[in-house]
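Note that chain A is present in both complexes that follow, paired respectively with chain B and with chain C.
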Partner chain A sequence: MFNEMNVLMLGILGLFAVGLYALLAVRNLIKIVVALQILVKGAIMAFILAGKINGHMQTAQSVALTVIVADTMVAVIGLALAVQVKRRLGTLDVNELTSLRG
Partner chain B sequence: MTQWLVLSVIFVPWLGALLLALSSDRAPRLQHLVASAFAVVTGLLSLCLLPLVTERTVVSVAAGSVFGNFTFVPDGLSVFLTVIAAVIGCLAVIFSIDYMHGEAQLGRYYSLVLLFIGSMTGMVLTSSMLLLFFFWEMMAFCSYALISFYNDDPKAVAGGMKALIMTQTGGVGLLAGALIAYSFLGTYDIQTFLAYAHRLPEFALSIMAFGFLIGAAAKSAQVPFHTWLPGAMEAPTPISALIHAATMVNAGVYLLARFYPAFAAVPGWTTAVVVVGVLSAFLGAVMAITASDLKRTLAYSTISQLGYMVYAVGVGAVYASQFHLMSHAVFKALLFLGAGAVIHAVGTRDMRQMGGLGQKMPFVRNVFIIGTLALAGLPFVNGFWSKELVLEEGLAHGPLWAYILMVLGAGLTAAYSLRMVYMVFYGTAKKEHHVHDAPAAMRTALAPLALGTLVTWLLAGWLSELLTGSLPYHLSHLHAPGTVELIVDVLTAPATLVAIVVIAAGLLAWWYRDLFASLSKAAALPAAMAGADFGFEWLNRVIVGSTLLAGSVLRLTQTGHLSWNALGIAGGAIAVLGLLVWGS
Partner chain C sequence: MYLINILLAAGVVYCAVRAVIAKRLLASALWLAGTSAIVAMVLYNLGARELAVIELSVGAGLVTILFVFAISIAGEEGMGERTNIPRPVVWIAVLVFLFLLGEQVLPHIIPIPGGWDLESPFTFALVLWERRSLDVMLQIVMIVAGVVSALGLLAPAMAPQAVKKAGQAAGHKNVAQTAAGDTAENSRRTTAAAGEVQG
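Up next, the complex of A and B:
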């Protein structure tokens, strides 16, 4: 029951669920970036689990490292955008960002 | 060598399109020059392909297991249509130098024209059904964007939208056919399909055959999908000449001719093709005789002439259809460009406001009359030979009722051709126009086409060598004669005599139209029906209306809220995952 595979699987599902829920529910731009981070951490762990199952651990680790790098960039750019949005528009609420609505 | 030539015929105009799309509209002379240079080079490259015709696959790009191989085969049929698209495209671009003089946004205009030329050559040269579909839809996009070129005119925008939706609807039939072929044969390759078509189950082949027929009818503006073509006349006239008369509308005929060997055995298919062709040829001629707009008259006449080609394919005369396609492409481009010169000078498209222009524009009048002779099928210009050949094959291999309607259509064609020339160039001037004859660039485009109208029928033997030499699956359906054989054949066939008598009767009927004045009340009902597109407008309304309705309903899903979009992405991922788990 409590072997490492199941624990890892539960962790992945938990991170995914929390991240997805946060992504759908929160409206603060910074919190959205945080939600994305949680979601992607779940995805990275899913790669490791997949590598463990099919035996290609090297591939899984290199993919996981690549995702970590890409994910960090997303976080950096997302936060920088959030700072700019707050400075220029005075709000971080994504539903109030309607200046491009047609 | 051949492979580079094949690729360059597609990519050189696309390179020109890219350059012109990026060019500044503040240098219109440079834009005219660059566009003409690229168009002329494409035309010359296409001519270089002629001696290199082969039935082998010369280019094959592996594109993965989903898309199959992107293959190109420059066989007789492909190269023949490539030359027509590139050469007439080149002349239309040269004509545009005068016609579009002083217009805004020439970069957009020329880049779309060159994109179209590249797509058309790609469409005919490719041997992959999937790639054929992609090029097919690119042509539809260029056609749409050029019909709506004057995008502040609501009629032009509506006409473009209508053309796009109607041809896309037909495109679905093409895509469905390609996917069926792939699911049974594991390849999109047309040559393989033609070789192994008999291995497909009958129902699958029937769906493909009729799907392709719908696609072809929508693209070639055949009944009942023809209503988009008159609406497409809002485009600048060189576009009407190039896309909606000489090249793109031939794509449907090309498709039917290309797949004829595979579909001929499908029960009911050849009959359906003949019915579509006959209805289009006859109803198109009736609608042309009642229209008063010069370009709409020519559009209806295009529907009618394309009907002759579709009919020829239906009776199994693939060569006759391609021969008439060549004649029609040349003389209809001439007529449209001539009409463009008239419209450019007069400033209206209504023939009732013209009249007496012949003395003021003698050059345009002369070339227009040459084109009209070919359209009417009078001896001895190119339209005569090809139309007689179509009618002769129709009498020999097709049903009699179809032949009778086609001959009557030829008589009507003669009548509306004469009416058109008379209303535009003769009679008394209805309005005072300050008219000048066509300027130099227009003449440069019109003169070769007029010459071509007089002599392209001499290429009949060359065309039959081109087709018989490289189309192994079509050989038994070609009936391709040599030039001398064709002349003897046509001149001695009873079908020719019948057609000439009917054509003469058509000319006389219009000339002595006063005698029939008492009949005009009886003709009022058919005339009104013709004016209303014989009620086929409802089909068009249903298709266009339901598409626009679906668009406005689906627009509700675009809330612009981030969380809804994220939910959509997550839901889509879960759906795909579910499908994969369920399917395995």
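Up next, the complex of A and C:
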């Protein structure tokens, strides 16, 4: 029933599920960045798996490399924002970020 | 190979779960690094060797250093168990997402005779520099934008320190002026006292 690619796809689905759960449930700003990282790792694995199945591995690697660069920049900016929020408001809790309310 | 893939898939999900449920942020960052390392192993097994190296160095190395740096500045902060969205709603959303995606994707992953071991005539470098040159330019723009944004975000944080240092320097200057004034006053008093004595 399950070949080895199906097994890897289940792992990818697991990564997506964990990342989505964390994105919805976690309140810590740094952990939200962790959740985004987990989601993107699932996407990278999915790209490479698709390239493997279709025989376009080099193209899949090129696209996944772009995703890795974008993901790293998201982490850099997200963590810098978290540090700024902590310095200015004294907390990392997204529920406490009330300064944006009108 | 089948067993290795099962172990890798289980390991990557286990590390991701531990990264999410870890109480301490530092432990969470380290479990995320473990997730990246196992993802790199999966990529290597699938034949994406160049990307596996990049994922290992960037995902498990650079990003982990960034997390540790940010955590060392921001500090650990415990959060309660309460979530923004009620947990049943979160679980339902995740299960619906899994069902829809799995139902769409899993039946279509079928073995293609010889398809998985196709040798492409193009190398990774050739595809990246020749066929995907727009991606390369996009990556350069993203790196520059990310670095500039991070510097811009961190610059206001350094401004109060600069103001504080300037204030300290001004304070030292005032103290020096005060000390000089005190010395002049003392010398004047001493001269006046000497004059009185002489008188």
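In this text, the second predicted complex is superposed on the first by the 99 of 102 C-alpha atoms of A that agree within 3 Å, B and C clash if a C-alpha of one lies under 4 Å from a C-alpha of the other, contacts with A are read in each partner's own complex, and residues count from 1 in each chain.
By definition in this document, a residue touches a chain if its C-beta (ideal position, glycine included) is under 8 Å from a C-beta of that chain, and two chains touch if they have at least 3 such contacts.
On a predicted model such as this, the values are computed, not experimentally measured, just so you know.
Undergrad: Consider chain A as the common anchor and indicate whether chain B and chain C clash or fit when overlaid.
TA: Because the two structures are overlaid on the shared chain, the partners are seen to fit without clashing.
Undergrad: Per the contact definition in the header, classify A:V63: touching chain B only (first), chain C only (second), both, or neither.
TA: second
Undergrad: Looking at the overlay, does A:V94 come into contact with chain B only (first), chain C only (second), both, or neither?
TA: both
Undergrad: Check the residue A:I32 against both partner chains and state whether it touches chain B (first), chain C (second), both, or neither.
TA: The first partner, chain B, only.
Undergrad: Between chain B (first) and chain C (second), which does A:I48 come into contact with in this model arrangement: first, second, both, or neither?
TA: second
Undergrad: Scan A:M5 for contacts with chain B and chain C and give back first, second, both or neither.
TA: second
Undergrad: Is it chain B or chain C that touches the larger share of residues in chain A?
TA: Touched residues of chain A are more numerous for C.
Undergrad: Can A:L24 be said to touch chain B (first), chain C (second), both, or neither?
TA: A:L24 sits against chain B and chain C alike.
Undergrad: With both complexes placed on chain A, how many Å separate the closest C-alpha atoms of chain B and chain C?
TA: The answer is 6 Å, the least C-alpha separation in the overlay.
Undergrad: Output the chain A positions appearing in both contact lists, the one against chain B and the one against chain C.
TA: In chain A, residues 20, 24-25, 27, 94-95 are touched by chain B and also by chain C.
Undergrad: Enumerate the contact residues on chain A facing chain C in the complex.
TA: 3-11, 13-22, 24-28, 30-31, 33-35, 37-38, 41, 44-45, 48-49, 51-66, 68-70, 72-73, 75-77, 79-84, 86-87, 91-95
Undergrad: Taking the touch rule as given, give the residues of chain C at its contact with chain A in the complex, in rising order.
TA: 1-2, 5-6, 8-10, 12-13, 16-17, 19-20, 25, 28-29, 32, 35-36, 39, 42-43, 46-48, 50-51, 54-55, 58-59, 62-63, 66-67, 69-71, 73-75, 77, 79, 82-85, 87, 90-91, 93-94, 97-98, 101-102, 105-106, 109-112, 115-116, 118, 120, 122-124, 126-128, 131-132, 135, 138-139, 142-143, 145-147, 149-150, 153-154, 156-157
Undergrad: Of all residues in chain B, which touch chain A in the complex?
TA: It is residues 560-563, 566-567, 570 of chain B that touch chain A.
Undergrad: Which part of chain A faces chain B closely enough to touch in the complex?
TA: Counting only chain A, the residues touching chain B are 20, 23-25, 27, 32, 94-95, 98, 101.
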